[in-house]
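Both complexes below contain chain A, partnered by chain B and then by chain C.
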Partner chain A sequence: MPRTLSDEEKTQVYEHIRQFLSDELGVPLDTIGPETKIIDDLGGDSIIYLELIEEFKKKYDVSVEIRAIGRYFQKHPIRTVGETARAVYDIVEKGDGIVEALD
Partner chain B sequence: MSPKPRSFDVHRLFFSLANATRVALFDFAAAPTLADAVSTHLTERERLRLEGLGSGRRGREWLAARICLKESLVRSGVIASPRDCEVGQDERGRPRLSLGPEALGAPPPDCALSHGGRWAVSAWTDLPGVKVGVDIEPRSARWAERRRSAVGADDDAAPDLAPSDRAAVLWTLKEAAAKALGTGLAGALDSAVREERGTLCRIEAADGRRSFGRSLIGPGWVLAVAWWNERSSSCRAH
Partner chain C sequence: MAKPGVPSVAVTGLGMITPLGVDVPSNWRAMLEGRSGIRRIRRFETEGLATRIGGELPDAYYEKEEAEFPRRFRNQTLPPARLGFLCAKEAIEDGGLAAAGYDPYRVAVLTGCSQSPLQEGQEIFLGGRVKYLIVKEMVNALAAWVSIKYGLKGPTYNIAAACASGAFAIAAGLDYIRAGRGDAAVVLGADMMLNRQSLHGFNELMALSELNEAPERASRPFDNRRSGFVLANGGAALVLESLEGARRRGAKIYALLTGAGLHSEAYNIVAPEPTGKEIARAIQAALNDADLDRSAVGYINAHGTSTLQNDACETAAIKAVFGSLAARLPVSSLKSMIGHTVGGAGAIECAATALALRDGILPPTINYEEPDPDCDLDYVPNAARPAPGLRAALSHSFGFGGHGCVLVLEKAP
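After this line comes the complex of A and B, so read on.
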C-alpha cells in the first residue's frame, strides 16, 4: 500500500540498504556511504538490485510491476547507495504510481 | 620479447544464429591463477583499467571475462594473440572491441560479456549489423524468491520449467537482450519474454525493439544469449 515515509523511516530504509549490501556482498558496513557505487565499489551486480526490490516490496507491502520499476530506473539510474535509497522511497510512497510521477 | 600467452581452459558453447555467434564459457575458479594473463592477455590500457578495479572479486571477474573473450577470438582465428585486440566500452558501459593493425582493417566483431559466481561468459558475432548480449547467473534455489522481481505479468515463455529455473531463464534472457541493445538493468526490467518457436524466445523491449535469444541450463549455471539486428530492428534466427 503506497504511503508517505517520515524522515525517521527514510533513515531506516537507508540503514537497511547499507546493512543488506554489507551482509549480501560481504563488505564492512562502515565502508558503505551514500556515494558508494554498488557495482563498481562493492562488486554488486544486477541480482543485488532484484533482491533489494524484493526486500522492500515485501517489507512495505508494495505491489509494483517490475516494468514500472524499469521505466523509473531509466529516468533515475541508481548507481549509488544514496540513489538507491531515493528510489526505494519513491517506490514505497508511490507504488505503481511511480510511472505517472515520471511524466 | 613478450611472453608466450598461456592458454586458458575456455569452453566453447554453440548457439545457432547463422553460425555467427560464438559463445565461450570460462570456469575461472578452476583456473590455477589468472595473474599471468595480466601480461599476456591485456593491453596497456586494459591493465590500467584493471588496476583501478583492484585485485578483489570485481577485478578477478573483469579479468576472467576478458580472458574468455580473447581466447575465443584467438581460437576462431580472428586474432593471433590475445593482445591483438582491446576491449573498451561505450558511454553506457557496453563493451566495444578494437582490433590491432594485424587485422587489416576488418570491422571488429560485436561482443558481450557476463560474469556470475565462478563463471565468465563471452559472446561475439561478425554478422554485419547484429548486436549480441549474454548473461550468466548461478543456478540456485534463491531464484524462487527473486521470481516476483525477475518475472513480470507480460512474460510468456518457458512454462514447463520449475519456478526457480524459469525465473533464472527469463531473467538471463532479459539481461542478455538488454546488453544487446545497450540498455542495461533498466531495459531488462522493462521488457517481456515470449516464446517464438522451439527453444527460440523473443524479447520485447519497451520501445518496441525485438531481440531473439536462447538459454541454456548447465551444471550450476543458467545462461542466455540474445541478438538484435540494428538494421531491421529485429533479428530472426535462421
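After this line comes the complex of A and C, so read on.
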C-alpha cells in the first residue's frame, strides 16, 4: 500500500541506518555520513543492504517481494549511506509498486 | 639450496596461535620449555564422551578475537576463519608484507582448513542467522577473508587434505613462487575441530587418547604407552616470498623453504600403509625436490601423532630413507605439547622448524618415557636440545585419506 514518509520518519530511517552500520562494523558513528561508502569505506558487504531492507519492511509493515528488491537494486546500484536511505524510502513508500516504477 | 634456474623461496613472516600461546614468541618459548597445552576441556560439555581432554586455545585468544573483530565479522564467520585470520595477521605484520611494495595481483593466499566449518555448520540451522549460512560455511571463507581484508589479489583458495592441509597449502605457495607466477604468498593452516561431534567421531575410530585423568601426559608420540592423539585447536601462517625479493627489500629471513614431496598412499581411508614405504617415498621426493643429500638433514619435525600406527610407520619410513644415519638423526613431535590441530598442524610444525633453523635449537618430544621397540630413533626426549650446526630440516605431515606432504627447510644463507 502506497504511503508517504514524513521528513521526521526519513530522518529516523537515516539515523537508524547509521547506528546499524556503526554497531555492526565497529566504526564510530560520527565518521558515517550520507556520502560514506558502505563497502569501500566501512568494510561492509552487500548482505547489509538486504538486512536493512528486512528491518524496515518489518518496522513499516511493507510487503515487497525479495526479487522486486533485487531488480530495484540492479536499476539503482547503491553504494553510500545516503543512497541506502533513499532506497529504503522508495521501498517503504512504493512497496510492490517499486517494480512498476522501474518500468 | 634450490636447483639452478628455480627461484629460492624464503620464509619472512610467521604467525601462530595454539593452546601454548597466542603469538609466535610465546609459542616458541613454551615449545622450548617443553610445556603441555593439553587440559580437561572447559569450553563445552564433555559428559558422555570417552575423551574429555583436548588442546583448547588460551583465554587470551578469545579476548583477542573480541578486541580484533567487529560484531558483523564474528557473526559472519566460524571459529576456524577467525583463528586463521589472526594467524595471517601476525605473519603479515611480522613480515612487513603490507609495506613490501609487491603488486597485489602477485600475492597469493593459500589456506589449509580441513573440515571444521562443515561441522560447525550443523549448529546454524538450529538457531543463528540463516542469512550468513553460505558465507560462514564455505570452506574457502578463511582464504577469502584474508584476501579481502588485506587486498591480496593473487590466487586465493583452500586446500583440504585432512591433517596435512596446512602443509599442502605451504607446498602450493612454494610452487606458486617457484613457477614465477607470483612474488609472495600468505600460506596458512588452521582448524578448530575440538568439539563434541569431532571427539565422538574420532573416539568411534579409536584414534584418540582417553587418558582423562592425566591430560598433560596424554599426548606421548613414539612412547610405548601412547594410546592415540589428542585433538586441539590451532593454526599458523607463514609469509613466503622469493629470496631475491626478500633480499631486495631487506626483509628478515627465518629460513628457506627449498622443497616439497607430496604423495598419496592410495591405501586406506584412515590407516597409514603399515610398512611406511609410501611415507619414505614422500621423504625421498622432498629431498630430490630440494636437491639435498639425505646426509645434510639434521632434524625432522615429525608428524608424530601419538597413535600406535602413525608413529611406528613414520619411524620405519625414516629408517628406510636414512639407513644408518637414522640412529643419529633427531626427530621430535610438537603434538606431544600442542595435541593435533589437524589442518593447523602442518603450518605450525613448518613454522617451528623454521624457528629451529634460525635459532639452532630443537624442540623436544615430551612425555617420552618408555621406549617402544618399533620406535627406536632419537626423539629429542623431554628437553630442547641445542643444534648449532643445523643446516637443513624436514617437516612431515600425513592425513586421513592417505595425503602426505614433506617439506624441506634450510638455514637462511
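Convention: the second predicted complex is superposed on the first by the 101 of 103 C-alpha atoms of A that agree within 3 Å, B and C clash if a C-alpha of one lies under 4 Å from a C-alpha of the other, contacts with A are read in each partner's own complex, and residues count from 1 in each chain.
What we mean here is this: a residue touches a chain if its C-beta (ideal position, glycine included) is under 8 Å from a C-beta of that chain, and two chains touch if they have at least 3 such contacts.
Quick caveat: nothing in here was measured; it's all calculated off a predicted structure.
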Figure out whether A:Glu93 sits in contact with chain B (first) or chain C (second), or with both, or with neither.
neither
Quick check for you: in the superposed arrangement, does A:Asp23 touch first (chain B), second (chain C), both or neither? second
Would you check which partner chain A:Glu51 touches, where first means chain B only, second means chain C only, and both and neither mean what they say?
both
Max touched-residue count on chain A (chain B vs chain C) belongs to chain B
Q) So, A:Glu65: does it touch chain B (first), chain C (second), both, or neither? A) first
Q.
Touch test for A:Pro77: chain B only (first), chain C only (second), both, or neither?
A. first
Both partners, chain B and chain C, contact chain A at residues 43, 45, 47, 50-51
Listed in rising order, chain B residues that touch chain A in their complex are 53, 56-58, 61, 116, 137, 145-146, 148-154, 171, 175, 183, 185-192, 206
Within the complex, chain C is touched by chain A residues 23-27, 43-45, 47-48, 50-51
The residues of chain C that touch chain A in their complex are 69-72, 76, 131-132, 135, 149
In the complex, the residues of chain A that touch chain B are 40, 43, 45-47, 49-51, 53-54, 57, 65-67, 69-71, 73-74, 77
